[in-house]
Amino acid sequence: MDLTTLFGLVVAWGAVLVSVILEGGHLGSLWNLPAALIVLGGTLGATIIGLPLAHAKEVPGVLLRAFVGRRVDSAEVMRVLLDFIRRARRDGILALEGEIETLDNEFLRSGLQLVIDGTSQELLQESLTTELRAMRARHSVGQNIFNTLGGFAPTLGIIGTVMGLIHMLGKLDRPEDMGHSIAAAFVATLYGVSTANLIFLPIANKLKCNSDEELFAYQLAVEGIIALQAGESPHLAAARMRAFLSPRAKQIFDSKAA
Amino acid sequence: MDLTTLFGLVVAWGAVLVSVILEGGHLGSLWNLPAALIVLGGTLGATIIGLPLAHAKEVPGVLLRAFVGRRVDSAEVMRVLLDFIRRARRDGILALEGEIETLDNEFLRSGLQLVIDGTSQELLQESLTTELRAMRARHSVGQNIFNTLGGFAPTLGIIGTVMGLIHMLGKLDRPEDMGHSIAAAFVATLYGVSTANLIFLPIANKLKCNSDEELFAYQLAVEGIIALQAGESPHLAAARMRAFLSPRAKQIFDSKAA
Amino acid sequence: MDLTTLFGLVVAWGAVLVSVILEGGHLGSLWNLPAALIVLGGTLGATIIGLPLAHAKEVPGVLLRAFVGRRVDSAEVMRVLLDFIRRARRDGILALEGEIETLDNEFLRSGLQLVIDGTSQELLQESLTTELRAMRARHSVGQNIFNTLGGFAPTLGIIGTVMGLIHMLGKLDRPEDMGHSIAAAFVATLYGVSTANLIFLPIANKLKCNSDEELFAYQLAVEGIIALQAGESPHLAAARMRAFLSPRAKQIFDSKAA
Amino acid sequence: MDLTTLFGLVVAWGAVLVSVILEGGHLGSLWNLPAALIVLGGTLGATIIGLPLAHAKEVPGVLLRAFVGRRVDSAEVMRVLLDFIRRARRDGILALEGEIETLDNEFLRSGLQLVIDGTSQELLQESLTTELRAMRARHSVGQNIFNTLGGFAPTLGIIGTVMGLIHMLGKLDRPEDMGHSIAAAFVATLYGVSTANLIFLPIANKLKCNSDEELFAYQLAVEGIIALQAGESPHLAAARMRAFLSPRAKQIFDSKAA
Amino acid sequence: MDLTTLFGLVVAWGAVLVSVILEGGHLGSLWNLPAALIVLGGTLGATIIGLPLAHAKEVPGVLLRAFVGRRVDSAEVMRVLLDFIRRARRDGILALEGEIETLDNEFLRSGLQLVIDGTSQELLQESLTTELRAMRARHSVGQNIFNTLGGFAPTLGIIGTVMGLIHMLGKLDRPEDMGHSIAAAFVATLYGVSTANLIFLPIANKLKCNSDEELFAYQLAVEGIIALQAGESPHLAAARMRAFLSPRAKQIFDSKAA
């Protein structure tokens, strides 16, 4: 479980909150229903227009992943594959058939199933590469949604503020209300810029980060699966996969192997 | 029929509308003919300058596609191709001649016609790839038009606002009109930013989304057509095409195949 | 002759003009010599600094092409090449020698001359590819100039406006002039943003559009010239080139061929 | 030790400081705790949300490298590798085993170890390339953190300023405080823009600069290691590596070699 | 000698100057020492932070090249190489040894030296390509410095202006000074935007332009050097290099050859 997303949110919004209190302002003056409606409704609407319905359904899952962040552990993937490579050399590839059912990593399982099914090397390589490409496309859907939200929110804040100012200019005859009206108009900008920069865009960054890490780990897995099919020695396969590990992961792997 | 575009438009403009009403403004103060003229006319003109005439003619069709969104169903394309592959192995490729007339997908039909015509593998591959490249270029025309509209609209809003302010500064001797004049000037910015962000740019996003999905499906089709020509077994061809399916589409395909 | 550039300019500036009149402003208040000087002179100067002298000389030709737009007709190029391919198979490649002089397309003529000169296939392919690359570079010169003009104009408008405001702030003791001075300062922004968005950037878009179309057509020509040298059948060469045609151009070609 | 980072910081902040003093302002008016809190806390929080925890831990090391800048010396790397190549030709590759332990460059050491272990050329090439790719990814983590900080800081400055203005507009009945309140609101923008442009973004530039230089030097190292394994003559290997040296480094190398 | 850089600077700054005079402003009001200090010192400092010391030393040379612009003449390079190719076929490659000392183009000289030294074709190709890649990297250093200066200057202008406004808001009790103080604050923005757009960014454009042209010419040189080593006929080598010439350079070359 990856707590940095939650921790970052607490730091960011905590700083905003404490700053408001220190300044002697009260939070009530930052609440404005029409502003909230135009910024959130408008941003959501603009984002929905540009998406196929299917993508919208994936938002909860995507959000969960940003917060819980079940990441793929490269060193663990390498350990599992080396284990399979050793057994395949000893007992033959078909002996793995029962084992792979127990893997809870879908990519490894379907990749190894292709090997057991006797897929040719050319098709195996092509399938795994296409699979990775499709995975990158799927991951980018989530990043895309949050980047789009973060892109539209500030402009909707501006729309809300301009509309508020136009409204305010219509009642210049009551100057005692002007301060309040201008403040209310600015609240829309505040909502737009802060939701974009303290929620949507950072989450998009997080999703990209997680995706990059996962895809890098799966490139290691592709090397390992192809080595398994080719009947390479565990020593050679380890050398091939090791290059994908970060220095930290190399140490972890070496200490566990020892 | 894809209702998300319409749904998103309703959500976005509904939020704007309700927000205006909640704020106690009346919609009449947001209507300004000179502002509408300069933003829409200027944006349209700036976009037309940069386009060949032929592209302008495609706007209605492009818009229709954004709203109705006849998307290509990858699982269906795969099912059809596997069916053809099975028949071609049983009855020979020429037996497909009558069948392909019934296909309403132009890409599949012309690709399969090339196979029946006895095109060499090298030329078949090249033709299909060029066809995909040309299709991507055609799709990008529509995205390009709406991105251009969305890029010019806010700057034309600024032109309208600056012109309105200059106009207003010329009659500082009538301070009672100033509020109204400034409000009218801001309406141009409102039109520019809101048409860009709640119409043009989201539609451009939608067109890109549809195009990406369609092109990914056709890459699957290319694999299938080449497999058909090579006389590959349906089993092998299915494995080759499966990698292009999303996990969801894989499930749909498997459940129908069962 | 491509009238969309002219038509777009009329639409855009017409909308601006009518909008000014509707608003009850008079055009005289939008004229300001110092503002025009700083925006146009500054933009031109900044653009000239960044260009080799040779490029400046090409501006008139580039502009002409944006307005007149002599475009390359893909279907026509394909028809001409197929005709040559048929004759070359009947009478030999050398029989084309007299014919190619009559071609007014420089790219086709020099490409076919290479074939007649007996250039090896490897060198022919390399020459045509380098030629296309150089053409893309030449085309980008024009786009680059107008994009640079369009990039500098708004910032020079800001420079003009800030200078005008500084000037105005120096005579706060004559408040009756302030309105006029601020209006004059804003005119510079107006000039910068409107020349950029209603002239320079749209023309840059148009040049890019024309260039993309032309280069796509020449890729078709490269396929045809290589097919001619290889002595391919007209049927095969047509199939190879057809993939580069848009659906519309395919219909035109088919209807003429019939 | 690379003093330019420190020197640049002194120049930039010195200029700001002296400018404030020359203007007759006192620094106290630029200090505002709520503004500092919202800009730094918010920027930090937004950045943390988008990062895996592991990356946060690398910030001190990354910062140190930006200031101290232990750079890889291409000419020195080349000299070391040529020395090894000469010894390997004289005494055999295994004779290097003891030597490489003394190298304090991790990349060279592990690359040469692969050669001594008898790794095949194909795997050696692949390992070194993957290693470089992974190094580029690791370096980009640091650049990414500082670019993200530099991207969020100005928008958090705007959030702080808008919140300050809203607060100020709530007490328009005390006009004697207005000047102070507006000034305090602007301080947040000042903090955001100046931390971004005088700390975060320049450091990101520096990290990118260092990384580019290092990776270019390691490409030279890859050439040398592969030449060593292939048993190439020192003369040939030197020619191969020389192309990677800058003209300056070539002179340094030649003068030392002489 | 390339006078366009100087000419452009005169046009741009002349337009600014004349515009100020026409507006009836006096230049003295545009001079402000603290503003100059913060914009220039801050911009310089921010740029220095992000650069290795070595790069700073190259600024004078880079600037000189932007103004004097010793460009490589493609037609001349081609003429020289064809001359060497003819002599090499008549007298043997070694006969060139004395000649190449007289070449003042370093790239041609070291490339031809490699041929005379009997470098294998594979290593020659690799060396020249790496050399070009390194040259592109070196050229980009200069562009990078000026782009960075041009990127930081406007934001430092904003920092100066915001600081000036904060300073001004502290003395609202002396309203007679306000106009002067606001004007002084705006001068910083003026300095930032004008140095960026009328000096730094145009020079960066110029450097990029020169670099592109030079690298394109050297690609022609690579073709020629390889043709020389392969002992190709001057006719064939000319055809190979001709494709790199612009239509203008082709005419120049043909008219001199005739």
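Read from first to last, the chains carry the letters A, B, C, D and E; within each, the first residue is number 1.
To be clear about the criterion, a residue touches a chain if its C-beta (ideal position, glycine included) is under 8 Å from a C-beta of that chain, and two chains touch if they have at least 3 such contacts.
On a predicted model such as this, the values are computed, not experimentally measured, just so you know.
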Steps needed, at fewest, to go from chain C to chain D via touching chains
2
Every chain in contact with both chain A and chain D is listed here as none
Between chain B and its twin chain E, rotation from the CA superposition, multiple of 5 degrees
145
Could you work out how far the Cα centre of chain A sits from that of chain C, in whole Å?
40
Expressed in whole Å, how far the mean CA point of chain A lies from that of chain B is 25
From chain A via chain B, the ring reads A, B, C, E, D
With touch defined as at the start, can you tell me which chain C residues reach chain B in the complex?
2-5, 7-16, 18-20, 22-25, 29-30, 69, 71, 178-180, 182-183, 186-187, 189-190, 193-194, 196-198, 201-206, 208-210, 212-213, 216, 236, 239-240, 242-248
Residue numbers of chain B touching chain C in their complex, please.
33-35, 37-38, 40-42, 44-56, 106, 114, 117, 119, 123, 126-128, 130-131, 134, 137-138, 148, 152, 155-156, 158-160, 162-167, 169-170, 172, 184
